[in-house]
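Heads up: the structure comes next, in structure tokens.
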Amino acid sequence: MARYIKSVKSKAGIAPGTLLYDDYQEVPVSIDCYLRKNENTIFSQITLDEVIPIVQGDGNFWINITGTPPLSWYEKLSQDLGIHKLTLEDILSSNQRPKIESYETYNFVSVKMIYKAKQKGQGALMEQLSLIETNKGVITFQHTELDTFSGIRSRLENVNTRIYKLDPDYMVFCILDTIVDNYMIITEKVGARIDKLEDQLLSGAKMPHFVAKFSAHQRELNVLRKNVRPVKEVMIQIMKQDNVWVKPEHLPFYNDVHDHLLLVVETIDAYRDLLSDLLNIHSTQVNNSMNEVMKTLTIFSAIFIPITFIAGVYGTNFDYLPELHYKYSYFIFWCVLVVVAGAMLWYFKRKRWF
Amino acid sequence: MARYIKSVKSKAGIAPGTLLYDDYQEVPVSIDCYLRKNENTIFSQITLDEVIPIVQGDGNFWINITGTPPLSWYEKLSQDLGIHKLTLEDILSSNQRPKIESYETYNFVSVKMIYKAKQKGQGALMEQLSLIETNKGVITFQHTELDTFSGIRSRLENVNTRIYKLDPDYMVFCILDTIVDNYMIITEKVGARIDKLEDQLLSGAKMPHFVAKFSAHQRELNVLRKNVRPVKEVMIQIMKQDNVWVKPEHLPFYNDVHDHLLLVVETIDAYRDLLSDLLNIHSTQVNNSMNEVMKTLTIFSAIFIPITFIAGVYGTNFDYLPELHYKYSYFIFWCVLVVVAGAMLWYFKRKRWF
Amino acid sequence: MARYIKSVKSKAGIAPGTLLYDDYQEVPVSIDCYLRKNENTIFSQITLDEVIPIVQGDGNFWINITGTPPLSWYEKLSQDLGIHKLTLEDILSSNQRPKIESYETYNFVSVKMIYKAKQKGQGALMEQLSLIETNKGVITFQHTELDTFSGIRSRLENVNTRIYKLDPDYMVFCILDTIVDNYMIITEKVGARIDKLEDQLLSGAKMPHFVAKFSAHQRELNVLRKNVRPVKEVMIQIMKQDNVWVKPEHLPFYNDVHDHLLLVVETIDAYRDLLSDLLNIHSTQVNNSMNEVMKTLTIFSAIFIPITFIAGVYGTNFDYLPELHYKYSYFIFWCVLVVVAGAMLWYFKRKRWF
Amino acid sequence: MARYIKSVKSKAGIAPGTLLYDDYQEVPVSIDCYLRKNENTIFSQITLDEVIPIVQGDGNFWINITGTPPLSWYEKLSQDLGIHKLTLEDILSSNQRPKIESYETYNFVSVKMIYKAKQKGQGALMEQLSLIETNKGVITFQHTELDTFSGIRSRLENVNTRIYKLDPDYMVFCILDTIVDNYMIITEKVGARIDKLEDQLLSGAKMPHFVAKFSAHQRELNVLRKNVRPVKEVMIQIMKQDNVWVKPEHLPFYNDVHDHLLLVVETIDAYRDLLSDLLNIHSTQVNNSMNEVMKTLTIFSAIFIPITFIAGVYGTNFDYLPELHYKYSYFIFWCVLVVVAGAMLWYFKRKRWF
Amino acid sequence: MARYIKSVKSKAGIAPGTLLYDDYQEVPVSIDCYLRKNENTIFSQITLDEVIPIVQGDGNFWINITGTPPLSWYEKLSQDLGIHKLTLEDILSSNQRPKIESYETYNFVSVKMIYKAKQKGQGALMEQLSLIETNKGVITFQHTELDTFSGIRSRLENVNTRIYKLDPDYMVFCILDTIVDNYMIITEKVGARIDKLEDQLLSGAKMPHFVAKFSAHQRELNVLRKNVRPVKEVMIQIMKQDNVWVKPEHLPFYNDVHDHLLLVVETIDAYRDLLSDLLNIHSTQVNNSMNEVMKTLTIFSAIFIPITFIAGVYGTNFDYLPELHYKYSYFIFWCVLVVVAGAMLWYFKRKRWF
């Protein structure tokens, strides 16, 4: 189950900028490289040692690094490319708040990818994506193999797409766009389940697991919101810097992502409100049901307790109990019982209890 | 039942600006065209092919396109009139957040029309209206036939109205004005039903369907709010750009729409507060009722259980049970019962239970 | 019962600026005119035809128009005095959001007057006041006869008052001041009733009508808030324009009204919080009461049900039931009953149920 | 019991600036005067007639006026010292919102003093303090005798204190400082009682008066907040005007008061949150308790009702009831009773009801 | 148990700037001094008298003063180093709101250190840290021995660390960084306990101590929030002053701390929301459980009360009670009982009560 924060205990008191995986699980390194040379974009799998020469080279590039490279390689990155130690610390961390930071020679963006798990019934997975944008290209870091880039990869194979030119500016947009689209898909999935929950609730069906389901959905929305909302600030900051990093002709695209993000955030908030309404409705239904139950009990009790008492009286063994000996006593006795019970029923009917 | 978001799954990972209906249901195209020539405004039904020449021509115009033109036509629109691909993507989408976007040669506005269904008992319908304002005229896009423009159409037939001149600036105002007026009508309808619900609740009538009604109204208000509130930002942005697109003499009109919008939004919020109060009141009423029920049960039980016990004692078959044999036992027995029951009644009376 | 919005259906789709009473009930027109000539302020009742000449004349004036003049007269007002059609539309409407609008030759202010009904037990009445301030005087429009201007009228008869000079600027202040003072009186009346409700609630008295009273007060506060809060914005806008319309020496007076308005708004909000606390307290009291009721029931049941069972056992007619035949059985039987009942009492005592 | 607003009825419609006690109770006038002459600060009791000469004189001064001077004296103050009529109206009022107003020749500050009552069990008292700061000294007005100035008085007797110089600027600081310190003391007292209430609640003690105590504390906090929060704005406005009225070397002192005020406001808000949590906890405890009660009742009923029924069956007087005549019937009868009761107990045990 | 505010009673009315421990408990003074001379950083324990010469000397320094130096020493500090009396008052206080204040020759920062107690089960401890930054070094004041500086101390022993140069600017960053890291550790610990509480709650386990635990966690979060949130303002103010006090190359480090602080604050808020959801869920569970209990009671009662009544009827001793004498009466009697009980069961089954 996803928790709000992960352990950072090991790092308190350690010098800032110290390179350290805060949640290390070794994953083999695999590097996809798209490199633009002579008007062509060529895909190749490269090794860690080839990354720095490409970044320092001429062509536009997108390098996507999957897995956990050794810390020594990050040290080299810092020295050769002038990446700040704090940036590398953020890349190594798996619990970074979404943010953008501008340095002289590069922009650093950290966001969370959220995507559907491939196995059914496993819910959404979340992974941190770190992105370094230089004036020539984009390097992305992801700790595990799964990502949301399949659409981008297929478009990169098509010469006629705008992305094919590997303009770093447009590349960053495409990556953020696909991530935000996945936010929407996940939000929609959670929302569909909440809508279903509402239908069940309002249909009056018995819902023994309502609380558990409610709580699970609420948690999912909370995790989504916590990771999606700071991205709004990231987008706003990117669009502020338009003069330097974002080409004017790409601004409408960033605007579009920002729009989608707003829609996601509003949808998440709308579903949070809906969930909270559902709990209220459930609670009201339980109360209504309890009220019905109590009325049933009270009607039964109020009818039978008095007449049981009357029967009890004539079950006593007093020597001198005159009523017992009249011939029509038993008949009158039943009449009294019926009258008492009828009076009770009339009383509750008048009170509109049924 | 209206859901918060519609499916966008098919689009994640697809290149932005790709033209695609996200929720395609073919509707035959029908185009109304009002064209101003030689001081006259002439109405005609035109075909898709005639749209672009008219837009490129001299006269002021309002072209209202109903239905789903083929994607190829949109491509042509983009090439011949310089409409941005993202704008066309937004027109094709049916789940666009209300917004305004200014491009060099045109303004793009996307809002939701909400109007009463013609058939009774069907509630409100919602449709997206996309609007392109050039310096000569206005093109509006709606996917289905129903709209809220009947008032505008009848005024366009009257030479003496201000709208007759087809000034694009004033035309946009008229369209937004009629849309916002319909927001108010729908809000008023929902509000009237909520007011009725409140009257029923406070009259103390039995309300077995309160929760369902409450939930339906809440949902309606949520959908209204979600679609109406962003229009406020649209209005504010339109009025900011007064120097370029809005003529100074039309500013008071836009101000008026903004005012009505504020009234709608405040009314929606007031009804949301009212609804939430109603749930609280209902819940308190249920609790009060339950309390009454419990008191009734307790009074009955507390009076009859002790005296039934006493009757039970004298129903035992002990050989040696002296009280049974005294002549006045039965009379004393009844006295005891009456005293016990009376004491109980006095006790509950003192506790103000009835 | 006051509703949140009134019908505007008839106006949707009609050209803006069309003059139309949206809630027409004919009220005979009656016009009070205070006119300043030769250092004297003279009161007279005038007719509709005399209004325009006075406004166009030399002296300062306050013209208070009560009732519903014919639409044709408003048309003349628009033509002769240059009043914008939208302003007149707002005057004719009875459901205008409080606002201020500045035109070149006049200021338009629309607020709600709220005042105590003359008949007892009728609560507060509300009426729209429209005000046009020119550089010479003030015209006010009210649809019905009742108003809150008696204090102003009596001061206008006194030569020594500042108001006697009919300075339009100071006149507007006096009108807003008396309206805001009435807000405070009404708020105070509602507040006094809420304070009384709280005292009753905390005194532990039986409150069968609590929910209805609560709901009525909440509604009153909501209506007050909805009409008072936008006036704050009106005041802020008036004080912004001090260079043109408000003479510097009158600014402290406007400041004073703004201060009172803040006090009213804070008081309304404080009472809303208090009301919501009262519902919580009521709900807690009901729960506590129910808890007591349940405990009483449970104590009675738990004491008598076991001993009634024991009596039942010895009421059976088994041929072989040895205990029935011992001499001291009945005595022992009572001892057992007392012990069982005592044990129960001790158990509930230890659990602190009473 | 402190109410939110006091009566202002008598003033609606009366000309603004009319001098009038809105809540008049005659209190004899007593005036303390500290006057600085020849490097010495001399204390004396003076009469109303001596006030104006001292204010117009040379030396720095602090004049503290206790009680209700006649209205004619205020008129003189207005004429001789140029105090605005609205300022005097605010001094006479006892229901003024805390505020600061700057006039050309003086600053006017109105705040509420809140202090512990001298008699035990009487809670906090509140009194309005009006303060006029001229460039030479400070005049303070309080309607009753009690105040929070004892610390200031004793420091004024000591030649070595900074306050001894009677710098008006520093004097105002000292007065506000002592008032804010008293806010903190009162907040702390209320808070200590709330903390005690929490301890009692969490210790599980029986709390029959919880609701009344809760409500009293909530009211105290509301009154505190209503009077303390606007003082924050007053402080911010004082510190904005530093160039004119506050000497730069005194700014850190004002900063300090502002800091304390923030602490008070945050503490009040924290206790309000705590109180609201306490009500929730109390409510949950009542529900839990009711649940326990219901379980007890249900267990008793479910065990004894079935076996009482069985005893009832064998108490019937059917002629042909074979079981009654077997020798071991009574023994078997008890076995059945024990088995049934045991089964019930096992069932509830399994359901974890006890 | 941590309370919101501590006693400040003794200080109200006392001249501001008076040096006084507001919560005095004598702790022996112990002073750690790191002094940079000739490119080396030397650690030594020094006495109070050595502090001022070092501060006035040449080298960079970090002096950490633990305990309660005599008031006379603070007087000397004020005179010799020009520390403002209000700064010293804040250092002596133990209940200071986190803040930063800039004076001409130094910056003053006051924050709370929160750290894990060394003994198990004791929860978090909190201590005020006061920090004076001059252009040469940093003096820190802590009243008790415990702190969160062990990581800093070990890095100061290592020549290769950036901190070794004792740059005051970087030193302040390191101190704030370690404090904020400890906020995160404590938040995480509280959060882990809340996550555990949620798991228990959702697993359906019996939770008799839920309310106490809930309340304890809520209090912890409130104390955390109250002390952590103002630090955000401190950080923002530090980063504003970058031109003077913070060297540009250290700004990314401060940014990093600010980022971590945001993460802590968001995490605290997220856990507060979660806690409040948990109370709602608990409350719903209790209600559901009560509903189940009531249904059980009602089913038992409704089945057995009617048939017990029937048995009671045939237990009466009427002389003429014909049914008693038929041979199959007893058999029919049982049939009736079974039919009545069966009908009840069928009725509740249809109502889906079990």
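We call the chains A, B, C, D and E, going by the order they appear; numbering starts again at 1 in every chain.
The definition used in the following text is that contacts are C-beta pairs under 8 Å (C-beta built on N, C-alpha and C of every residue); 3 or more make two chains touch, one makes a residue touch a chain.
What you see is a predicted model, and the numbers here were worked out from it, not measured in a lab.
Touching subunit B and subunit E at once are the following chains: A. Of all residue numbers used where subunit B meets subunit C, under half belong to both copies. The two sides are thus made of different residues.
With centres taken as mean Cα positions, subunit C sits 42 Å from subunit A. In whole angstrom, the spacing between the mean C-alpha positions of subunit C and subunit D is 26.
Of all residues in subunit A, those that touch two or more other chains are 283, 287, 290, 294, 297, 301, 305, 308, 312, 315-317, 321. Interface residues of subunit C, counted against subunit B in their complex, comprise 1, 3-5, 7-9, 11-16, 84, 86, 95, 97, 99, 101, 206, 211-212, 214-215, 218, 222, 226, 279, 282-283, 286-287, 289-290, 293-294, 296-297, 300-301, 304-305, 307-308, 311-312, 314-317, 321, 324-330, 333, 337. Those residues of subunit D lying in contact with subunit E across their complex are 148, 150-152, 154-155, 161-163, 173-174, 177-178, 181-182, 184-185, 187-188, 191, 195, 198-199, 202, 252-253, 255-256, 259, 262-263, 266-267, 270-271, 273-274, 277, 280-281, 283-285, 287-288, 290-291, 294-295, 297-298, 301-302, 305-306, 308-309, 312-313, 315-322, 352-353.
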